[in-house]
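Since the structure comes first, as structure tokens, the remarks are kept for the end.
First chain written, first letter: the chains are A, B, C and D, and each begins at residue 1.
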Amino acid sequence: MKSLESQLRGLRDAGRKALVPYFMGGLTPDWTRHVEAAVHAGADAVEIGVPFSDPMMDGVVIQGAALRALAAGTTLDSICADLERLSTSVPLVAMTYYNVFLHYGLERSAGKLQASGISGAIVPDLTIEEADGWRAACRDHDVATVFLVAPSTPPDRIRLIGAATEGFAYASARMAVTGGSSGEGAGERVVRQVRDVSTVPTYIGIGIGTPDQARAAALVSDGVIVGSALVQVILDGGGASEVEGFVRSFREAIDGPRA
Amino acid sequence: MKSLESQLRGLRDAGRKALVPYFMGGLTPDWTRHVEAAVHAGADAVEIGVPFSDPMMDGVVIQGAALRALAAGTTLDSICADLERLSTSVPLVAMTYYNVFLHYGLERSAGKLQASGISGAIVPDLTIEEADGWRAACRDHDVATVFLVAPSTPPDRIRLIGAATEGFAYASARMAVTGGSSGEGAGERVVRQVRDVSTVPTYIGIGIGTPDQARAAALVSDGVIVGSALVQVILDGGGASEVEGFVRSFREAIDGPRA
Amino acid sequence: MSSPDSRGRFGNFGGRFVPEALMPACLELESAFVEAWNDPTFVDEYQRVLREFAGRPTPVTHLERLSERLGINLYAKREDLAHTGSHKINNVIGQTLLTQRMGKHRVIAETGAGQHGVATATAAARLGLECTVYMGEVDTVRQSLNVFRMELLGATVVPVTAGSRTLKDAVNEAMREWVACVDDTHYCLGSVMGPHPFPWMVREFQSIIGREALGQMRDLGVDPPDLVVACVGGGSNAAGIFAGFANSSARLVGIEAAGGAAVAGGSPGVLHGMQSLLIQDEFGQIEEAHSISAGLDYPGIGPEHAHLAEIGRAEYHPIGDEDVLDALALLSEMEGIIPALESAHAVAWIAREAGHGIPKGSSVLLNLSGRGDKDVAQVRAMLRGES
Amino acid sequence: MSSPDSRGRFGNFGGRFVPEALMPACLELESAFVEAWNDPTFVDEYQRVLREFAGRPTPVTHLERLSERLGINLYAKREDLAHTGSHKINNVIGQTLLTQRMGKHRVIAETGAGQHGVATATAAARLGLECTVYMGEVDTVRQSLNVFRMELLGATVVPVTAGSRTLKDAVNEAMREWVACVDDTHYCLGSVMGPHPFPWMVREFQSIIGREALGQMRDLGVDPPDLVVACVGGGSNAAGIFAGFANSSARLVGIEAAGGAAVAGGSPGVLHGMQSLLIQDEFGQIEEAHSISAGLDYPGIGPEHAHLAEIGRAEYHPIGDEDVLDALALLSEMEGIIPALESAHAVAWIAREAGHGIPKGSSVLLNLSGRGDKDVAQVRAMLRGES
């Protein structure tokens, strides 16, 4: 398996803006079919949320999805088991809170991710200062640790994060939790600042809810992450075809008019 | 008009134990008929309550009667007006709280009592220390001021009260407010103590609710005062004939078997 | 403020108008108090308990934001921080220690909303004294939580069903019951009212407020303040703080509830063992007071206040219910202190008169007699009813 | 107790686990606090406000009757007498002054039952800071009076509808909102929890309890007491009093609610920005705490406590709901102090262990973290439901 970062650098080198949809693992019994639909519609990588009881960095949509998934009995184990059903070539990135891994065991978690074909992890409450143990575990299992950069992150810290992040840098467009759409978008500035100090691909997330927003973000970055808006489609009862349509609309917006 | 005290001394000299029923002025429209019935049944003097909003020395029965009388519009004036309808030869003694007289004017109150044929006043919240002004007013109007002696009153104070009281001394049988029947009866001791220091007639009141109690009290004193038990008869709807029967039963108990 | 005369008179007011059965107890209490109050052991213990149990001294807070808003220099003596939430504790600590000293093992008390009842139950619990509290039946319903509080503290609460079934009747009933148990029971009266020596004794037990405040204001460089303002129900918190400033040049201002304004709307009379100013009808029947605040819902005023009013040493003004809620909100929002509705009367007067009856730039000491926690449910209901 | 290391660690616990967006604020706060705490002007002002506004020092009361009953020598540090009714005020005075110093004009806070929310609203009102309090929707209903209290104090209360809609979720929500307004807003956290520097800073702001108590116990000739006992929700009152005695020979005892006993029933984990002991399921999902007392209804414990437990310097014991009501009644009845349900946990442990885990004759200092007025309605309902 190629490393997450080499895959994503490859995409960039190929001139393709990455589209990374987010799914909450275990949200519906057939959630892996949603992942497949997204890939079918042009997703370049997929973020897979492992639900946590206290999702401090998530807005109401993903909170709701997490609670629903938990209520359905979802665990890291069940998600990994589900992933055995999934056949896809795009990289998978887990997204969850540190306690899920810590409690499961860092080494054991990383191994589990690797065994399930997951090649990266986003842990939004794990800062670079606290990440040594987790990164060491990941290194042994070829799991990349993706760090976030926020609009509030000062330059010297961006340098550290730029150096630490693996796979890509997650540039938060807003001072907000997932789904947050208020406040000024600062994605472009953040991406520029990351690029000043690092060559890692830099994707914009947080508050990318419409194809237009995705297109604008893709113009100034290496890719976009679409979370709450997509999860909302599924919470509203959408199935694989709705997911596919949703992702396709973002794909098309990002890639620009074909005609 | 003979003074209250000379009348009551006269009774004692004649060997008659005084029976003094209490009526709440204005309790019913025909309350003066109750007074007449009592006299007819052998009352030697009558206490006439002037209702006060805050009857600190009265138990529930007389409190209730006072409130009812007040609600019916009873005032010192209305009681005195009612008394014009009353024809009786026995002495009348007003009983009320100091504020009623104070607010009406001490001089004016005493004059009013006198004009209505009332020859004495019991003011249970007026102690000998505070009574100078009232007594001066009464003196001008031949109204006697009756003071109480309680079971708790120490000998030196009994001496002062014995010297101050006019008409009779009101010996409280109990440490209780009117109607109180619990606690030990101390009437006999109190009467003895008053007699040690004074020749004034001494009547027992507070807690004389049955003919038997009245007989026992009369044996050791110069007379008895019957309040709450009688007022209860009227509160229960009793009219003049019930009042007459009630008072007669006390009279007979006090006088002993005729046969 | 000076001691009353031998009959317990402050000028034309005060005295002792009680059933003869209670005279010995009043006399015993007077001499026990005089003796105790002159005994450094007693006074030390009283002060120690106030310090170590009740949280004295209470601070004086400079209300900076409100001062600026009103154009005056406003300070608050913080009786709201005393144990049980008001100045009432000062008095009951004194009286329960005196009860113990007199060899009695039981106290009774009247209460309106329950503040004095809770304070009495508290002080009694501390000493292991039995405690019975008389409370108008209407108030036991309105203030059922305070009933439970007293019960938690081991007291027995007796609902009074006589008369208007409120505070006035609770006092009557406590007096009646005291007659029956005066041997082993002390009547722990809750304000500067009742027969001598209560008005004097309670003022003395409360004067610690004024003594502390005098020193604290000195430390703050305000000696004396131009005005000292307190709310007046019976008048104990006012008497307590006035005691520190009576000999100074400070204007002393008592604020009564308009619906129970014994100075502005009353006349001389006798009630509850004292001669004072009372609201009463033309026949001397006592009227019921009506106030938003249970603690000011009293138709009389302590006799010493009647005297201070008569001689002009203190002034008394009424404040209507409508201004009180605003004042409560004002102090809460500007200073982070939710005052008792009682105390909010004094705040309301100050807020209204600043720049008028109170010249700009004046220094004003407010006696914040209690905290508003007890009133919050009522205030909410009233504000909702209005809006 | 010593300072945490540069990463905010107390041994294996503590640290900083927050969204990257909040890191600058945490770092800014850390340096602002360090600077302020070393600035005598700031410390003086903090102490002055605690003295003149919040009523410090709070007394130590010798609980004489209860001591006799239990065969120990029991003392209570009276945080119930602090303004707003608990130790929470110490922390918020510190944090709001710091907010002002950082040039921010707004605070947000989480609250469970409302104690910390009311305290924050209070301290914010005093300084004229805007204040928004996040409170689980379930709690806004259960504690609607406290919601009104905060509103009276000028704060906005936002019901949190996420998750279990209680305290844990209110913290999450406050963190989320902080992300969006971190520029002009300080998050005024209510206990020794959260990301560094909060656990340390809040302990420092609360350590005035321990410093006062140490001197007061000395004055009482008890130096040091054999035990120091405090209830533990997040652990701020315990940390505050332990701070005075950590270098002494006193046994330090924290009492957790059995339904939220992070030491007895928890395991290491990360929540709310800190590594500590948490109650969680086998997959690391945080469990809801269940306690009779809202203030102890927290699934974690401050990291410094986790550390003190690990190194054996302090011990932590659970107490079940059933013992708490009895303890509340016991202290009320014997001493005239109605404790907060939280504080009653500590009383319950002492009452149970006196003569057993606590040798006869021991001197015990109880941190009476708050008054029970807020709990009286609930206690009544529970006692009625039971009987």
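Assume a contact is a pair of C-beta atoms (placed from the backbone, for glycine too) under 8 Å apart; a residue touches a chain by one contact, two chains touch by 3 or more.
Remember, it's a predicted structure, so these values are computed and weren't measured experimentally.
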Key: chain B to chain D, fewest steps along touching chains   = 2
Ask   = Distance from the CA centroid of chain C to that of chain D, rounded to the nearest Å?
value = 34
Task = Could you grab the centroid distance between chain A and chain C? Build each centroid from C-alpha atoms only and quote it in angstrom.
result = 66
Message = What's the distance between the Cα centroids of chain A and chain B, rounded to whole Å?
response = 97
Every chain pair meeting the contact rule = A-D, B-C, C-D
Parts of chain D lying in touch with chain A, wherever the complex brings them together = 7, 15-25, 162-163, 168-169, 172, 175-176, 179-183, 267-273, 275, 278, 280, 282-287
Task = Would you pull the chain C residues touching chain D in the complex into a rising list?
result = 51-53, 55, 58-62, 65, 78, 80-83, 85, 121-126, 128, 145, 148-149, 152-154, 328-329, 332-338, 373-374, 376-377, 379-380
Query = Taking the complex as given, what residues does chain B use to touch chain C?
reply = 52-60, 63, 67, 70, 75-77, 97-104, 124-127, 129-130, 147-154, 157, 161, 172, 175-177, 180, 182-183
